Amino acid sequence: MQIGIVGLGRMGANIARRLIRGKHEVVVWNRSSGPAEEVGKEGASVAKDFDDVIAKLKAPRVVWIMLPAGQVTEEAVKEFAGKLSPGDIIIDGGNTHYKDDVRRAKEIEPKQLHYVDVGTSGGVWGLQRGYCMMIGGPDAIVKHLDPVFDTLAPGLGDIPRTPNRGNRDSRAERGYIHAGPAGAGHFVKMVHNGIEYGLMQAYAEGFDILKGKNSEELPQAQRYNLDMADIAEVWRRGSVVSSWLLDLSAAGLAQHPTLENYAGEVSDSGEGRWTIEAAIEEAVPANVLSASLYARFRSRKEHTFGERLLSAMRFGFGGHVEPK
Amino acid sequence: MQIGIVGLGRMGANIARRLIRGKHEVVVWNRSSGPAEEVGKEGASVAKDFDDVIAKLKAPRVVWIMLPAGQVTEEAVKEFAGKLSPGDIIIDGGNTHYKDDVRRAKEIEPKQLHYVDVGTSGGVWGLQRGYCMMIGGPDAIVKHLDPVFDTLAPGLGDIPRTPNRGNRDSRAERGYIHAGPAGAGHFVKMVHNGIEYGLMQAYAEGFDILKGKNSEELPQAQRYNLDMADIAEVWRRGSVVSSWLLDLSAAGLAQHPTLENYAGEVSDSGEGRWTIEAAIEEAVPANVLSASLYARFRSRKEHTFGERLLSAMRFGFGGHVEPK
Amino acid sequence: MQIGIVGLGRMGANIARRLIRGKHEVVVWNRSSGPAEEVGKEGASVAKDFDDVIAKLKAPRVVWIMLPAGQVTEEAVKEFAGKLSPGDIIIDGGNTHYKDDVRRAKEIEPKQLHYVDVGTSGGVWGLQRGYCMMIGGPDAIVKHLDPVFDTLAPGLGDIPRTPNRGNRDSRAERGYIHAGPAGAGHFVKMVHNGIEYGLMQAYAEGFDILKGKNSEELPQAQRYNLDMADIAEVWRRGSVVSSWLLDLSAAGLAQHPTLENYAGEVSDSGEGRWTIEAAIEEAVPANVLSASLYARFRSRKEHTFGERLLSAMRFGFGGHVEPK
Amino acid sequence: MQIGIVGLGRMGANIARRLIRGKHEVVVWNRSSGPAEEVGKEGASVAKDFDDVIAKLKAPRVVWIMLPAGQVTEEAVKEFAGKLSPGDIIIDGGNTHYKDDVRRAKEIEPKQLHYVDVGTSGGVWGLQRGYCMMIGGPDAIVKHLDPVFDTLAPGLGDIPRTPNRGNRDSRAERGYIHAGPAGAGHFVKMVHNGIEYGLMQAYAEGFDILKGKNSEELPQAQRYNLDMADIAEVWRRGSVVSSWLLDLSAAGLAQHPTLENYAGEVSDSGEGRWTIEAAIEEAVPANVLSASLYARFRSRKEHTFGERLLSAMRFGFGGHVEPK
């Protein structure tokens, strides 16, 4: 089907490509012209501005916005909402907070515009592996867009099928779900990222304990000098902890066994934070997901005021001075 | 090669079977005769006691002990150490604490016996998928046993190879590693299980937040009624959180979407606990792995004394009474 | 000075009383007449509605709103803002989110009304011990209200003075601070409550470990049957962990050594939750404060979906069934 | 009564002094002669070696060992056990692991020697405030030593008495308890220190959130520049979080409001670690106490291998590079 892709960053450009390869008619726009021209060469029609995107599409138009979450996306949604016609569809494929989706869907409803939120996982690998998509929006509209999602999704591939799924919705097996009304797609994607932080931190702590087995905290006789790269590799083979994140760890460790190419200052994005806020709103305990987020916060600091306060208290009650 | 398997529980019996299928000459012993007879029918030679195991093997003998960790294994190792001859090899394939391995290796050294510890992951799936093995012991002995490990391991299979491994030890790719001297195998397996707890808890918390999105803690308008089984399924397809544990979750949820067949009282084994002790010995922070263990502890209690103390304090300073 | 107290719950009534005893001229209003009549007998002038509160006060009027946080307070602030005159002062003494304070202060500024937020700690003990107050608002207004705060605060009392305070603001020593502009009072009070949760949970876990030393998880020979009440008492005497919360614990345990009068379902209020949100906004790690909140969440549940999912995974990889 | 004090570090010397002031007959020994001479001038009899300690005491002798926990104390106990006579008493007043107490008590039992373990809190303030003591050992022996404990303890002082204690053991009110058999004293002291870590970290995180309210993570308009010293001070006055540790924090902050005199590298001692091990043995969840310990571990590192692994994974799935 015909679709406009607005924003050709790493994700947007590859989504456009995968759609082109799937024989969809793709109109693209990007702030800077380079990426647009590139995708243009691969078969997309390049629009020069938002009006041109609209002009190049036939009603009911489908505009997939793939811009950095926050203000930029908010403004693009607003602008398209002002220019599109009844029956047209706005898709936000970025990392928007689901409460913003709920609000926007309501805001554009009086104009008879439809809003669909798509949480996408797959990162730089999506073009090749396909995108895992979690979708929120009205039932009929999500069904209407099915050819797009079907093309972008990984499909059954060679991943073994889960037994006992019976008559369940086959879209899940093919890599996308219609999670619920507006916001539900981004909500599920948000929790996905929260889990991602937890999984990553579980590996991080485990490898720290393996590495630490050779540290000076231990008497010489109790140390092992373990091979991080080989351990990651062997766990990929029949162990309970095998995963795609472990595959990536094994690849990283094979190339740089001491990871000397990284400093260890770990960024976090909105979704890890929002997951904790959602847990708190629901009164769900989430020690692991919180600790994973906090480990990243701490990784970006030298020392905290709180740590100095601990030293001050220790001096106060015990006369302890810090090690020099 | 020739090998004795002592203990035919779920793991031991399947290890024996996989070795038989791999054309090794297997002598088996089990406390109760049923499992031994079964494996006997598949080609093993059945020994009637430990002496008979020894009698049926040619020197240098290899005895793989696969008994429940703790006292039972300890006594079996002791007894074999008393009966075997110089050059013979004792393998502990169970879930022994690595410090016991270190001690035992030293204890049997004067008798010129060799001790090898093998941490095995793969559970009930090992017969079919192969066992992921982490091995500790003397270099020459581990090399000598290579045919056994090679048969038991999954091999390259159809798992994509990690790039940039270059000249690295190919055993890791085939599913087993020689981690280091005595105890190193069980140490790596121990941390593996610690990580396993962390990964599991990350999924558990994430699904709790998904499920809780429909809870009465939230205003009606902010609720989603999400499909747990489909979410688990879709994440298997191209998402960052795909893993074998997620595959199992998807399978469990497909069969029982509300998991009403489980109460939620979650056991823990020694290895999760020992991982935390190792972290503490090394002064490595491990919030995620600890929280994962504690979540299991708490799942087995109704209420704690500490929780009642919180209520007592709240009453003390604010006159707060508990909800009825 | 003259002041109106709107809302005579546990806190409001005692604040009114302490002001009356301090020779202030107090006008009170309460939704139900009982509490108002009682405080009236002690010297307050009882207003029959908000207009009457305003009528009974001379300009510049001071109205202290002491209602349950949330909608009720919001509406009272709005209503007074509509009825008061330029130069009048609205104080919110409840547990409002500091961001609401910031918003309200801005909203009423065009009317030349002043907004002051006061976080108060002291609970049911405030009448007797005085209230610890954290105040946000314009400098001149907070100064103008000083007689009120000075009366409500505990004063120097017999608490030993902190050395080296030099020329620092003496209000802190007397039990109140002007923390900053609008919202700063409630922000500091919010973090105060976050810390409170953490302190309480530290004691709760410690006493759980003391109590658990007699549990069936341990071999008989490793158990101690410790006296919780005496331990709490002795720690009040010269130990590093002495505190007011410990005093309250000791009192609760002396009366009910097994705390059999509590179930252990522990409530939480907004401030504990908001503290975590503030930590996340600031990218400050807060494992202890989060875990304290989560322990309360968990205390109110029987089992979680996540715990059942753990059991499902354990069954999946190891055939483990739950203990019956 | 007559007592030997072996080891005159900060704690031992002041314990000797408090006993001398309480009219006990004190024999002291110290590895280096300086401290012994000093205490000698204040009235102690100085022994030149362990034999001399024994010679200077009348049977049944009481020897209080106050040496650094671990090997030094272990050897001193062994040596005295070899030299003392039936009926004599060895007290370990240091920070010994309670399991070592249990073992030692059994080891010296055949010699008819008695073993008493005393956990003491009070730090550098004990001489002045008295020591809070938790005692393990045989009932008759602890009773026999009562004059010593009574002198060392703070006594009732001016701390308000806990209501409803009725006929309970008055020793708790006076600052010492007989917690149970051998090891029980050090076990209770161990948990005391575990709680201490938790309390300290609760304050540390809270003050971090207060401090962070002025950080660049926040938009300018959402910042407050709060006064840490005044906040700590005001909370000492009638608030729920008042405690001795808060007093110390207020003192530290009054002197150095930015705590620039500390780096924030926080040590931990055995007892915080052992508390977690005890929790794990008892299957008691202890997220707060663990997180407190881990925060100290992390405070002493620059970056962890695990943090670098997180960066490696993030690069792997998303092409994310670290901020530079």
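Note that the chains are named A, B, C and D in the order they appear, and that numbering of residues resets to 1 at the start of each chain.
Note that contacts are C-beta pairs under 8 Å (C-beta built on N, C-alpha and C of every residue); 3 or more make two chains touch, one makes a residue touch a chain.
These figures come from a predicted structure and were not determined experimentally.
Novice: Work out which chains are contact partners of both chain A and chain B.
Specialist: Touching chain A as well as chain B, we find C, D.
Novice: State the chain with the largest centre-to-centre distance from chain C, centres being mean CA positions.
Specialist: Greatest centre separation from chain C goes to chain B.
Novice: Could you let me know which interface, C-D or B-C, is made of more C-beta pairs in contact?
Specialist: Looking at contacts between chains, C-D has the larger number.
Novice: Averaged over CA atoms, how far is the centre of chain B from the centre of chain D? Could you give it in whole Å?
Specialist: Whole-Å distance between the two chain centres: 38.
Novice: Please work out the Cα centroid separation of chain B and chain C, and write it as a whole number of Å.
Specialist: 47
Novice: Can you work out the whole-Å distance between the CA centroids of chain C and chain D?
Specialist: 31
Novice: Which chain B residues sit where two or more other chains touch them?
Specialist: Chain B, residues with two or more chain partners: 123, 125, 201, 203, 205, 208, 212, 240, 244-245, 251, 283-287, 291, 294-295, 298, 304, 317.
Novice: Using the touch definition from the top, list the residues of chain B that touch chain A in their complex.
Specialist: Checking each residue of chain B against chain A gives 121-123, 125-126, 129-134, 153-154, 157-160, 162-166, 168-169, 171-177, 179-181, 183-184, 187-188, 191-199, 201-203, 205-206, 208-210, 212-213, 215, 217-218, 222, 224-227, 229-231, 233-247, 250-251, 254-255, 275, 278-279, 281-289, 291-292, 294-295.
Novice: In the complex of these two chains, what residues of chain D are touching chain B?
Specialist: Touching chain B: residues 240, 268, 273, 276-277, 280, 283-287, 290-291, 293-295, 297-298, 300, 304, 317 of chain D.
Novice: Within the complex, which stretch of chain C touches chain B?
Specialist: Those residues of chain C that touch chain B are 10, 123-125, 200-201, 203-205, 207-208, 211-212, 228, 244-245, 248-249, 251-253, 256, 259, 262-267, 287, 291, 295-296, 298-300, 303-320, 322-323.
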